[in-house]
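Sending over a structure as structure tokens; questions will come in a sec.
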Amino acid sequence: MVDFSLTEKQLEYQKIAHDFARDEIRPISLELDHKEDPLECAYMPHLLEKFDKAGLRTMSIPNEYGGGGVDDLLTHCIVGEEISWGDRGATGFLLSTTKVTHVLLSKLIGDKELADYWLREYVKDPTFLIGTATTEPLSGAENQLPYNGADGGYRTTAVRDGDDYIVNGKKHFISNVGWARLMFTFVRTNPSVGVEQGASLLMVPMDTPGVRMGKVHNKMGYRLNQNAEIIFENARIPVKYRLGDENGGVSAIRRHLRGDALINAAGQIGTARAAYEASLEYAKERIASGRPIAHHQSVGLKLVDMYTKLEAARSFVWQAAWRQDVRNEIPIDPPMTLAASAFAHEISCDVTKMAMEIHAGVGVQRENFLEKWFRDCHNMLFSSDGGNNMKKVRAMYALTGEWGARSEEENPVSGGAYVAVGDGL
Amino acid sequence: MFDYRLTDEQVALQQLAHEFAEKEIRPIGLDLDHNPDPAKSAYMEPLLEKADKVGLRTMGLPEKYGGGGVDDLFSHCIVAEELSWGNRGVCGMLLSATKITHLLGNEELCPSEEIREKWLRAYCEDPNFLISTATTEPNSGSENLYPYSAPDAGYRTSAVRDGDEYVINGMKHFVSNIGWAKLYFVYVRTDQTKGIDEGASLMMVPRDTPGVSHGRVHDKMGYRLNLNRELILDNVRIPVENRLGPENCGVSYIRRHMRGDALINAAAMIGLARAAYEDTLEYSRNRVASGKPIIEHQAISMKLIDMYTAIEAARAYVLYAAWRVDAQWNGVDGKNIPGDPKMSPSASYFAHEVACDVTRAAMEIHGGMGVMKELPIEMYFRDAHNMMHSDGGNIMKRLKAIRNL
Amino acid sequence: MFDYRLTDEQVALQQLAHEFAEKEIRPIGLDLDHNPDPAKSAYMEPLLEKADKVGLRTMGLPEKYGGGGVDDLFSHCIVAEELSWGNRGVCGMLLSATKITHLLGNEELCPSEEIREKWLRAYCEDPNFLISTATTEPNSGSENLYPYSAPDAGYRTSAVRDGDEYVINGMKHFVSNIGWAKLYFVYVRTDQTKGIDEGASLMMVPRDTPGVSHGRVHDKMGYRLNLNRELILDNVRIPVENRLGPENCGVSYIRRHMRGDALINAAAMIGLARAAYEDTLEYSRNRVASGKPIIEHQAISMKLIDMYTAIEAARAYVLYAAWRVDAQWNGVDGKNIPGDPKMSPSASYFAHEVACDVTRAAMEIHGGMGVMKELPIEMYFRDAHNMMHSDGGNIMKRLKAIRNL
Amino acid sequence: MVDFSLTEKQLEYQKIAHDFARDEIRPISLELDHKEDPLECAYMPHLLEKFDKAGLRTMSIPNEYGGGGVDDLLTHCIVGEEISWGDRGATGFLLSTTKVTHVLLSKLIGDKELADYWLREYVKDPTFLIGTATTEPLSGAENQLPYNGADGGYRTTAVRDGDDYIVNGKKHFISNVGWARLMFTFVRTNPSVGVEQGASLLMVPMDTPGVRMGKVHNKMGYRLNQNAEIIFENARIPVKYRLGDENGGVSAIRRHLRGDALINAAGQIGTARAAYEASLEYAKERIASGRPIAHHQSVGLKLVDMYTKLEAARSFVWQAAWRQDVRNEIPIDPPMTLAASAFAHEISCDVTKMAMEIHAGVGVQRENFLEKWFRDCHNMLFSSDGGNNMKKVRAMYALTGEWGARSEEENPVSGGAYVAVGDGL
């Protein structure tokens, strides 16, 4: 029966996340964002330790490893919205944990001991983060929607040498490089064929000799999340660190992974909500022509548009998250995840743009949050999960049945609860 | 706790409504719409009788009087989407039932069980019974909905007390169902020196009361299966008991006892948009251009995914808003959840805009075929845009929401 | 040097067209549009004869044959805006004249002065003469305009050589003026083994040729004053001289000699949008709500200024694009200015979208009145959206432009 | 007769401006924009001197004072587009000169010698800029659309004391503070009535004791143009430095001034054009799924939308500029200037947003120009000439006849050619 009320546990997590965002993130968010050097913008390790203490960093990890055991996507969306209300970049914490949990508990893992070792390490070390490395300078969108020519897709190679792979290549736009201890890295183990036949996934400890951070990317927004290049120069990775079959192919690998498109979507809503709340307050206080600008229809109409778009997006994202959470009981609807995510990204840009319009000259001042939130939301519109355009293209293929949707049978995850179908790392 | 599953009863209602739309409405909808005489376009007795037979006409009325007893807004939204998938104009049936239930079912507005019993039972027993609510007049439309309470604003139709009766004079227009509904609820001024929030009352006028006559049938661009007509009231005398609520209780007081019509209309817009989307998806798969189905051209499929996205977002929002209304009125797990008065108009205008956008895209993808009357696409488009002004129009809906920001 | 003033001649043409629209078109436009029979909606001889009398029907034909000799696209755009302000459907008259002038006036396409003289003079002398160009078929629309040159794509109507004649067989639909135009220009395949860019030819078919017949009149949402009808060609024999251009010269070759229809249509969209805007401005000044004219509510006036802005931007762009076309063909100060092939489709789709947006806003501001057929607002809206598919539709226009980025 | 060709002189100025933008502005634009301290972002004095040398700084000033004598708005729009193609902020140079020219040649000037002195100074000193000071922390939009309550409008006061005014107050968001030598400042000479009866305009030399720069505003974009506060503390300004009547009122004063809404609009087009050109080039080079992304319809359609919007906006702005230039011959159409300006601002945001979408992850990197152009255009959407919302409101009043439009008679400017009706400083 349809019911929109939150459980006690969800309300509790919502409160923890909101208090954390208000007390720990907001007070430092603007200053970090304004650092000229992108290396200084990232939130680590100070904030991460506090995040750990609040129980948020390990909330997704099963109880038996010492985590919070929260395995539904909806709760993650609720928490993601609150964290991003503090700062969009801090939501990266959540994604690191959901990813490591889902990958290491999936059927890709051959060596259960190895998985257990790393999950326990993750819980133990309060500054542990992971990253996932796909994008390269010459291949972005075509990785999201696999183009199976030998000339397309990532070029980073892994060549077998005894019990090791020797990895060479360069990835860019990768989150958490410099802080992450593990990097899930897509490589070509057979470059003479396309990614569907020649790609594999390796788990790379970042202290491996021959692995190093390259340039740190200096972005318009989302600056509290660090993105950088990784360079592999004859890095030796043990074969047992391969996840899934050699040359398993990108779709086969991704089918076992779980994504975070909806957590990102909820994050966009959180940041846009922050802008809406600030605008509402400002419009009630700011007097023009003898009355608060909120009472001028040209402003009032914008406020109600913002409210409408936020509520529509949250309803849609929660519904999509719920669908993933109950995927055993109802048929999977793969385009919904992507469509909800694209929609939330789009409206977050509309909302922050309207917030800027309401604040006029005040909004562009870097001493206020408005222009930062505007940059953050637009930054993600263009870049998260391949950018909104790519999300729409993927949704479109899923919708027309050409790509993405598979049966539950094909989508087996051994633990946890949610799968973003066709929405891998 | 969060749950999006429908109850078995809701699923059954949804199926019932969908089958009705498919088997009874669609086969005649296009022809009715194309009839140049607006009086003949409007859906007529045969359809209503069939709806009555399967229980759709009276689903909203209390069981006690012979109705279906479905009293939640949520279920009505689900049914509205399906009926409107058949034809947008047919949903008026649902509004008729919910309105009479809310107006007469409420002790404050209608203290007399005798009156309640009489009319609700008549409604259930007569397979052609519909009601009509008359508000708009040629010189006052949106200001009735977004009350501007000045003596010179709002409707001018007056009711003057004369012993145990009121004498009503005036004229209403754009009124749904007028002429073949059997009971009219008419908004009047009982104190002309005050604005409608202090000087208005609501009167119940049976169709066959002397002095009631019917003017022009409005000839509309779309939504043609719904009859809209002028109502003329010339020295119409009704007993004082036919007044609902206290004299001069004002429009806001009355409206507090109604609920949810806006969201039933919003859900109907989604059904309409979905119909246009489904046809367009099908068309895009079959129509070949430049050597492949047009769905394989990104210029087309990008539009399709935008349509899909807008429909899903609108449904998720409208159903959430409906759930909020139910949770406020009926409670959840024994406790009432406070309502958010801006949410209904907000979800409503959003759904209306989505329907306009989706039907426009449907027409664009259909190319020349999209404007041809042999397909329903151009009807969907006209229907969607015709409703831009409903419930005060999208601008007015925004203003209602603003008031509660 | 930059100058936006019209010449005296252009001002005179503009006034002439405006007066014609006001005195002759508007008084009958709404009634024609409302006629449920599409054959009767289409503008008929009386209007054409009046247009002939004031010189509007033949303004685009060379003076030598009795026409007005106005050969620049710019002036046509100015006239189109005014005529369309009267009714969108009437502009087909201008296109008929420019098309016959471009097709027969060109030595490459029509080397025979005898044929040219015969038909151009007939056009000028007969006050009811219009032409029709037939391209679209049920299974090939946009791919004819954005040539996808494969043997299995494009129109299928064929012309087979038989001595000094061609024998034409096939069927066209959505064709303007079919049935009461007197000369048809029909796109055919003369080599079925090739795509339309190598295997197509253009044939001139007089209406009264044996084997020519006329099918269904299309019943459209809007643009109803323009007749669209099916054309059936059953063993139609025409002399070889009636072919324009070399055999199999291909569609691109032919189209190179045409120019500017898209911009005449675009200018017409502006006239339509302006008509809707003017009525809405007037309405907003007179309609009182909440104690003041609705134009004094920002929610309304912000929309009005958006409408104004969109119309002015579209006109500025369309006229610039038309000037560019003229500057390429006729030169300025003795030198030809290179054209930009993507500008015409780009300006054209922009104007079409503006007309849709403006008429939608007009309807929204009019509230319930906007959808009532007693006002022209809902007609403007239907007309604007009906044209979304013209010249291949807005998507196709973008794709044409993309080719030339 | 309608003619869209440029004169020889206009083509020449277009080339000078384009070459200058390419060779002098672009090479330093990104670096200046990225400075953390907004004081270091401004383009002065180095760039200004070069601008002067190229003949652009004084192009608007009549020949008899040593200027270029370019007095039509259309040429200014052409130049403004090219300069902004280099960097949106540098267009402030042009506006400084048009403003000083128009004010000092208007009928507001009582003392012709004083005007001549300052115009000659302006030409002589290659780093001379002026500013205009209207906005204050508590009054922005209501100055654009005068609200005539005593409680509305700017609060800076000027009290007569013998031959001087004593000025006290604070302005903010003011361009060129710190570099300008003259500041045209709106003050209240009678604070007990509204701005229509109690406002005056003073010409304030910035070296006057008691006049100082306050905080420099740290903006999202348009950073090469410096905006700062000015603080007046008992500053004495000679009465002869008053322009127009005492208590002349804001509308009466503004009626004599000439504006720059269309130069700003052309500037938006220039920046958006830069983004379009870069996108076109990128889309032709970037390969995805085996072909340039320009050949994917989802990208190609965006490119043609960008092109369309740019061409429509330029046509509209030029037509509006032409109308002002020939105002003696055709009736003035006051809403057109504002509508064209609002339109150009709106589409510049659309175009730079689409450019970001096409560049996806690459676009948000601060090493490229894209995200900067995006910030610049949006910054101006929200803030130039009162923000787009305010431009629309003004246009709306002009359209409905309530405000703004006056006859040529009421709009007398003694030299130069163009008047943006109702569009003052």
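Letters A, B, C and D mark the chains as written, and numbering starts fresh at 1 in each.
Note that a residue touches a chain if its C-beta (ideal position, glycine included) is under 8 Å from a C-beta of that chain, and two chains touch if they have at least 3 such contacts.
This is a predicted model, so every value here is computed, not measured.
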Inset, instruction - Name the chain whose C-alpha centroid is most distant from the C-alpha centroid of subunit D. - result: B
Inset, instruction - Would you mind telling me which chain pair, A-B or A-C, is linked by more contacting C-beta pairs? - result: A-B
Legend entry - Centre-of-Cα separation between subunit D and subunit C, whole angstrom: 42
Legend entry - Centre distance in Å when subunit A and subunit C are each reduced to the mean of their C-alpha atoms: 51
Inset, instruction - Please list all residues of subunit C that touch 2 or more other chains. - result: 298-299, 302, 398-399
Legend entry - subunit D residues counted as touching two or more neighbouring chains: 297-298, 301, 392-393
Inset, instruction - In the complex, go through subunit D and note every residue touching subunit C. - result: 1-7, 10, 74, 280, 294, 297, 300-301, 303-305, 307-309, 311-313, 315-316, 318-319, 322-323, 326, 329-330, 335-336, 339-340, 342-343, 392-393, 395-396, 399-400
Legend entry - Residue numbers on subunit B that touch subunit D, as the complex places them: 297-299, 302
Legend entry - Residues on subunit B engaged by subunit C in the complex (per definition of touch): 34, 36, 136, 139-143, 146, 148, 150, 152-153, 174, 218-223, 288-291, 299-300, 356, 360, 363-368, 370-374, 378, 381-382, 385-386, 388-389, 393-395, 398-399
Inset, instruction - Spell out the part of subunit C that touches subunit D in their complex, as residue ranges. - result: 1-7, 10, 74, 285, 295-296, 298, 301-302, 304-306, 308-309, 312-314, 316-317, 319-321, 323-324, 327, 332-333, 337, 342-343, 346-347, 349-350, 398-399, 401-402, 405
Legend entry - Touch list for subunit A against partner subunit C, complex: 296-298, 301
